[in-house]
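Following this line, the structures themselves.
The same chain A turns up in both complexes below, where it pairs with chain B and then with chain C.
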Partner chain A sequence: METVETFFQWLRQSHGINLTIGYDAWDRAQFLSGLWMTVKLSVLSILFSLLVGVVGAWAQGAQSRLLRLPVGLFVTFFRNTPPLVQLYFFFFALGSILRVQNDAGMSVPMISAFSWAVISLTLFAGALNTEIFRSGIDAVPKSTLEAAEALGFTRLQTYIYVVLPLALRISLPSLGTNLVNLVKTTTLAYAIAVPELLYSAAQIWSEQLNVREMMTILLLSYILLVAVLVWIMGRWERSLRIPGYGV
Partner chain B sequence: MAHTEGRWTEAQPIVSLKDVRKSYGTVQVLNGISLDIMKGEVVCIIGPSGSGKSTLIRCINALADIQGGSIQVEGQEVHDAKLDKLALRKKIGMVFQQYNLFPHKTALQNVMMAPVKVLKENRVEVEKRARELIRKVRLEGKENSYPGELSGGQQQRVAIARSLAMRPDIMLFDEVTAALDPETVKEVLVTIKDLAAEGMTCILVTHEMGFAREVADHIYFTDKGVIVEHGPPETFFTNASDPRTRQFLSQVL
Partner chain C sequence: MWLPPIPEPARNPALRRPGHMDVLLPRRAYAASALNWRETLLNPVSMTLLFAGLTASLIGAAWAQDAASAQPSVFSVLLKWTPLLGEGFAYNVLISLLSMLIGTVLGVMLGILQVSPLMPVRKFAWLVTQFFRNSPWLVLLFYSILLIPFQVTAFGITVPFPGWLKAVIGLSLPVMAYMSEYVRGAILSVPTGQWESAESLGFTRGQTMRMVILPQTVKRILPNWMNLYAVLTMATPLVSIIGVDDIMGYTRSALSAEGRPDILIPMYLYVLSWFFAYCYPISLVTSWLERRYSVKL
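What follows is the complex of A and B.
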């Protein structure tokens, strides 16, 4: 630690590169907590949006119009409006209604900014996941489903054992793209003061006036985060690969 | 017509169609088809493209519904709202032109899946039976290959084994060699011939006239949704009386 700090002090004194997160414990803690917050936002939104996608895609293929219609509206709404406006809508419009009295009799928000960010990002990415899974499901040949039916599989069994495993494989590449976008979109949480990576970096540069350095660090951090996600998706895709099957 | 489940005996037809009518929208596909098939019989259905052969076969195991007439399998009305579909599909195996294997499962898993998931049978016993079936269709050594790693003929034989794993009483084959090259057609036909020789009731849609002549007990010729002519192969191929049948035969023989 000592030598690391000496190095960053030297970098600053002899080259004018001021990376305070290298030698200043306070800044580093702030930066790392921002990074952690971004990871939490990403992981939670990814998991929930996958759930939304699976359920949404299933509902879109349902017989009942009553089920298909709301999902269609949901997808259209979240696909065709800016995610930042969606976030503002949740946080300011819905957030101002959903308030409760605390013990001291003060009106406080029921849902934290962090939770709103997760909800908003989940729905935004979930709408796209719904479409991605839906097209994956539609790409499963009808004749394969008919074979399952002829073997006595029920609709649900066919869905679980045949449709989903194939649809997932077909969907993975587009899913990866969407999830990478989701990680990048977590920066929007900055707008409602969730102390994520961009927020903490901005705090640091406005105090230390090292905008250039922190910008660089910020971009590199996102490249790293996305690289980790891409690596995980690649592993997943490889583990699901079927010999001789062309998707 | 009046026999109900439980009262069916082998002296009665195992599959019985009476004046079956089927249409897609305004297109009449089956125009009153009647035929009776006895247990252990091998029946071939031939006819020009679009004459309703696939539709007919799909109606027998309720993959398609009918608008009129009746279809009975082992005395049970197929197109009945109260029909136990699972019971019907256990009785009837079906093999398709495009094999339709599950591409994400190995040959062995394809054969095992329905008995394990649908019939909830013991996995160990099912595996033993599946391996035997794979041997029976002459594919030992290919148990762990995925469909994408098998030739068309091999995939089709896996598909036959997959159907047989449900221990059906009746097998439906819909142009199962039509997508195969001439060399592999033979290996699939041999498999079907073995089955027929064992006494399996088989209903085949086929363009393989030589094969039909060899294995069929009875041949039906369909055109425009009706059975134009039928008979045992000896008389069917040589003494066809209907001009449409004669014209068709002169083209394919």
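What follows is the complex of A and C.
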């Protein structure tokens, strides 16, 4: 640790590259907690948005018009409005009426900024996931369904054993793109003061005046996060690949 | 040998008979009927959504009058601020158009470099594309706002860089990267036969690219390009975070000027419906183009 700090001190003194997160324990802790917050935000939103996507795709394929219409409205609305305004709407507008009294009798928000960020990102990415899963289900060839019927599968069995496994493989590439976008969109939480990576980096560079260095570290961190996600998605895609079934 | 004349595309199974082969028919015959404009634009979903903001505002108005009849109604408050919000939205549109212009021009050039025969050029273009494609839009905005000087002096001439111009540059970087990927994909999707026949006709590489390959990619890129524009427009409110005037900034000023918690929900819904009214038609046309150009198998 000593040598690392010495190295960053040297970097600052002889090259003017002031990476405070290398030698200042406080800044480093702030940066790492920001990174951890971004990871938490991303993982939670990814999981919930996948859930929204699966349920939404199922509802959009339902027989009942009563079920299809609200899902269609939800997808159309969230796809065609800016995520930042959605977030503001949730946090400032809905958050202003969802307040409770705490023990001291003060009115406090019922849902924290972090939770609103997760909810907003989940709904935004979930709307896109719904479309992705839906088009994956639609892309399963009809002849495959007929073959399943000929083999004596019931409708539910066809759905579980034939349609879903194929649909998942078809939708994986676009799902990957959308999830990468979701990780990039977590920066919006900065606007409602969730102390995520961008927020903590901004705090560091306004205290230490090392905008250039922190910016570069910030961009590299996001690219690293995205690279990890792309790698996981790539592995998943490869492990699910059916030999001879090119999608 | 006499063959019977090929009839119109036989969607009706009764028309199918030996000698009729669907594959031999022009593909356009199927795709042309894809869109009925009236149905697409006037379907219940789009209509409901277009007026959702308005309805919500009216409901909010009634509710507000219940709460405090002395204050002006929510509806009249929204109406009062509409000219200002309209001005703000015009800034958003202006920023999106300029960024799209810059991003498209740079992106096409970068995309062409990505298929360059020179390995170092190709790798460099790939690296630039991936870098800007995988970094968050907001971080790129911060990057250009904080790192571009507020004015540049060269040869005694001082060129100022106001905030909105920096925002335009910051937003055009991701547009450039996405465009570069679309152009690369589209160029690679043109059959190699096109390259070879152009070469055998004596075209140079530059001529082949300009006169043979790029015109063929337009059709393929167009839906993606329009979708990208819609995404960019929905990213423009980000500029309010870095202090550039836009609809979001004006909305927040209006809200603090009114200082009434009951107009928060109608106001934000109103802003959302501004964007919806602008972006939804674009996405309708995009999906129409996609259907029109897609090859049905």
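Here, the second predicted complex is superposed on the first by the 244 of 247 C-alpha atoms of A that agree within 3 Å, B and C clash if a C-alpha of one lies under 4 Å from a C-alpha of the other, contacts with A are read in each partner's own complex, and residues count from 1 in each chain.
We adopt the following convention: a contact is a pair of C-beta atoms (placed from the backbone, for glycine too) under 8 Å apart; a residue touches a chain by one contact, two chains touch by 3 or more.
Quick caveat: nothing in here was measured; it's all calculated off a predicted structure.
Legend: residue contacts after superposition of the two complexes on their common chain; A:Val180 is shown touching chain C, with no touch to chain B. Of the two partner chains, chain C is the only one that A:Pro82 touches; chain B does not reach it.
Judged by the touch definition given at the top, the superposed model places A:Leu73 against chain C, while chain B stays out of reach. When the two complexes are superposed, the chain touching more residues of chain A, out of chain B and chain C, is C. By the document's definition of touching, neither partner reaches A:Pro109: not chain B, not chain C.
Of the two partner chains placed around the shared chain by superposition, neither chain B nor chain C is touched by A:Gly61.
Residues 44-46, 48-49, 52, 131, 134-139, 142-143, 146-147, 230, 233-238, 240-241, 248, 261, 264-265, 267-269, 271-272, 275-276, 279-280, 283 of chain C are the ones touching chain A in the complex.
Chain A contributes residues 69, 72-73, 76-77, 79-86, 88-89, 92-94, 96-97, 180, 184-188, 190-191, 198, 202, 211-212, 215, 218-219, 222-223, 226-227 to its touches with chain C in the complex.
If you check the complex, the residues on chain A that touch chain B are 141, 143-144, 146-154, 157, 161-162, 165-166, 169, 242-246.
Those residues of chain B that touch chain A in the shared complex are 61, 63, 85-86, 89-90, 92-94, 96, 98, 100-104, 113-114, 117-119, 145-150, 159, 162-163, 166.
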